[in-house]
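Down below are the structures I want you to see.
Look at the two complexes coming up: chain A is in both, with chain B in one and chain C in the other.
This part shows the complex of A and B:
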């Protein structure tokens, strides 16, 4: 059932990406239309947002679901090359470790800004 | 038959004898064709008149046995179910079905195909072993319950769905549309109680979740089945089982013995006596 849980998560993260990325794109490109002053893409506005707990959580969530969806999808593609059981285990562990490293590195900036 | 209605077409057949040939090659044959001539008729003509060493599988000639699946003009078909005329060309290219090992010429090794079919336990599984071994009556099933899986019972195990599947082409461990459609066929059968035994087989990394929903299997199936739908319905069952949602379905009970049956009408005596 492990594959079933992983693929259910794949479906859930796909839906979450549509929502979170939608918020991100609306914020970046419709800020003027939405009456936010048209400065959303500016450096100061970006740093201010990153320091806001709600936005930091939104971006960290987008990072997490995007990473999971991407890496699990890539893992699925690689597993289609009919690897041996040993290679499959290596692919699974590499995907997990790669995901954790990238998440830790990319989440550092909003977390550091939030703490400071 | 007039000359106009009986034309010659060229069959470009892939030949390969692993005992003699290093790799497959093509050989051309001239085949007479008229309205209604099937690819299988053409192949039988070649075997009878030109080259008796040409090897292919065929049996029923009416799309029931599933023996004569092959790649005709680069698309999988049953040779007996495909008329030469419908290809609208004077050259027909014939190759063995892809995604299966070649034994000789147009004959594929169906062993991996049937091995995968067996893994899904394609038979009714129930806990009442005594009734299964020595049936006293039939299991009850309503017409609506039958319609849940009826189309999947028409599978003739020709292997055309597997040969057209892009995932089977890249992943030799992939269970394939035929086996998974049969898994769904038995899981959806109201008389069956074997879902818990079957679902672990299709829930792995090379099972239902690996289906890309290309739909090539459903498009190619000569019997009009929709294996891609069966795989999606299997995903629904897998999700419901993993999340513990949906209602548990008890296998159907035994049907009461038939009552009020009239005696058989006696066979009439022959009026003409010898």
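This part shows the complex of A and C:
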């Protein structure tokens, strides 16, 4: 049953990533076509985005769903090697801890920049 | 007594590149997996770049950005965009298929029948066309923005 919930979450996060990453990539790589102008990866543009709460929320949401989708996907591929129950538990816990550490480390920066 | 051996249809590790008797869907699956792993690798590099170097201030950030505007990195970035377009569209197709939206009406199995995979081939063609359009759009932008 747990595997079903995790898979449904994989589908939901996949759909969310298509939307959020679509926005992110359109802003970063379609800026010239859409006529936004300016250098999207320049320091000032980046700091301006960082000061905007909407962007911080978008990036943190993208980070959360992206990490879940990526790490759960990798976990699925690794579990295809049909490991023993003990190894499977180790893989599950490693994935979870890795995800939480990367999320905490990467979410810290937009929050810190937004507060400062 | 003669032992009947089961048919060996296990492709093993070679199934990653060679799909045997399977058709285009199997190659789409392989590509989906490769792009997924590639995107995960990119995300990790991307997160390191945008956190470790950003927190060190403007000078470090700008020197890294000069490095990343190297044409080779631009080509890599474009490949990431292509991988995203493919993974997103193919994932959408898989989701619609799994949830039963594009399965079509069930038909009685009267000869000449059409199997489910062949019925859904047009969806794959549409998907590939949309991916090609997206990739072309991003390529145009990469050229406008300068490599």
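In the analysis below, the second predicted complex is superposed on the first by the 113 of 116 C-alpha atoms of A that agree within 3 Å, B and C clash if a C-alpha of one lies under 4 Å from a C-alpha of the other, contacts with A are read in each partner's own complex, and residues count from 1 in each chain.
Here, contacts are C-beta pairs under 8 Å (C-beta built on N, C-alpha and C of every residue); 3 or more make two chains touch, one makes a residue touch a chain.
Please read all numbers here as calculations on a predicted model, not as lab measurements.
Once the two complexes are overlaid on the shared chain, A:115 sits clear of chain B and of chain C alike.
When both complexes are overlaid on chain A, the residue A:5 reaches chain B alone and has no touch with chain C. Contacts of A:54 after superposition: neither chain B nor chain C is touched.
By the touch criterion defined above, A:80 reaches chain B but does not reach chain C. By the document's definition of touching, of the two partners only chain B reaches A:88; chain C does not. In the superposed model, C is the one of chain B and chain C that contacts more residues of chain A. Common to the chain B-facing and chain C-facing surfaces of chain A is no residue whatsoever. Those residues of chain B lying in contact with chain A across their complex are 167, 170-174, 200, 203-207, 209-210, 235, 238-239, 241-243.
Interface residues of chain C, counted against chain A in their complex, comprise 33, 36-37, 39-40, 43-44, 47, 50-51, 54-55, 58, 61-62, 65, 68, 77, 81, 84, 88, 91-92, 95, 98-99, 137-138, 140-142, 144-145. For chain A in complex with chain B, the residues that touch the partner chain are 1, 3-8, 76, 79-82, 88.
On the chain A side of its complex with chain C, the touching residues are 11, 14-15, 17-18, 21-22, 25, 29-33, 41-43, 46, 63, 66-67, 70-71, 73-74, 77, 102, 105-106, 108-109, 112-113.
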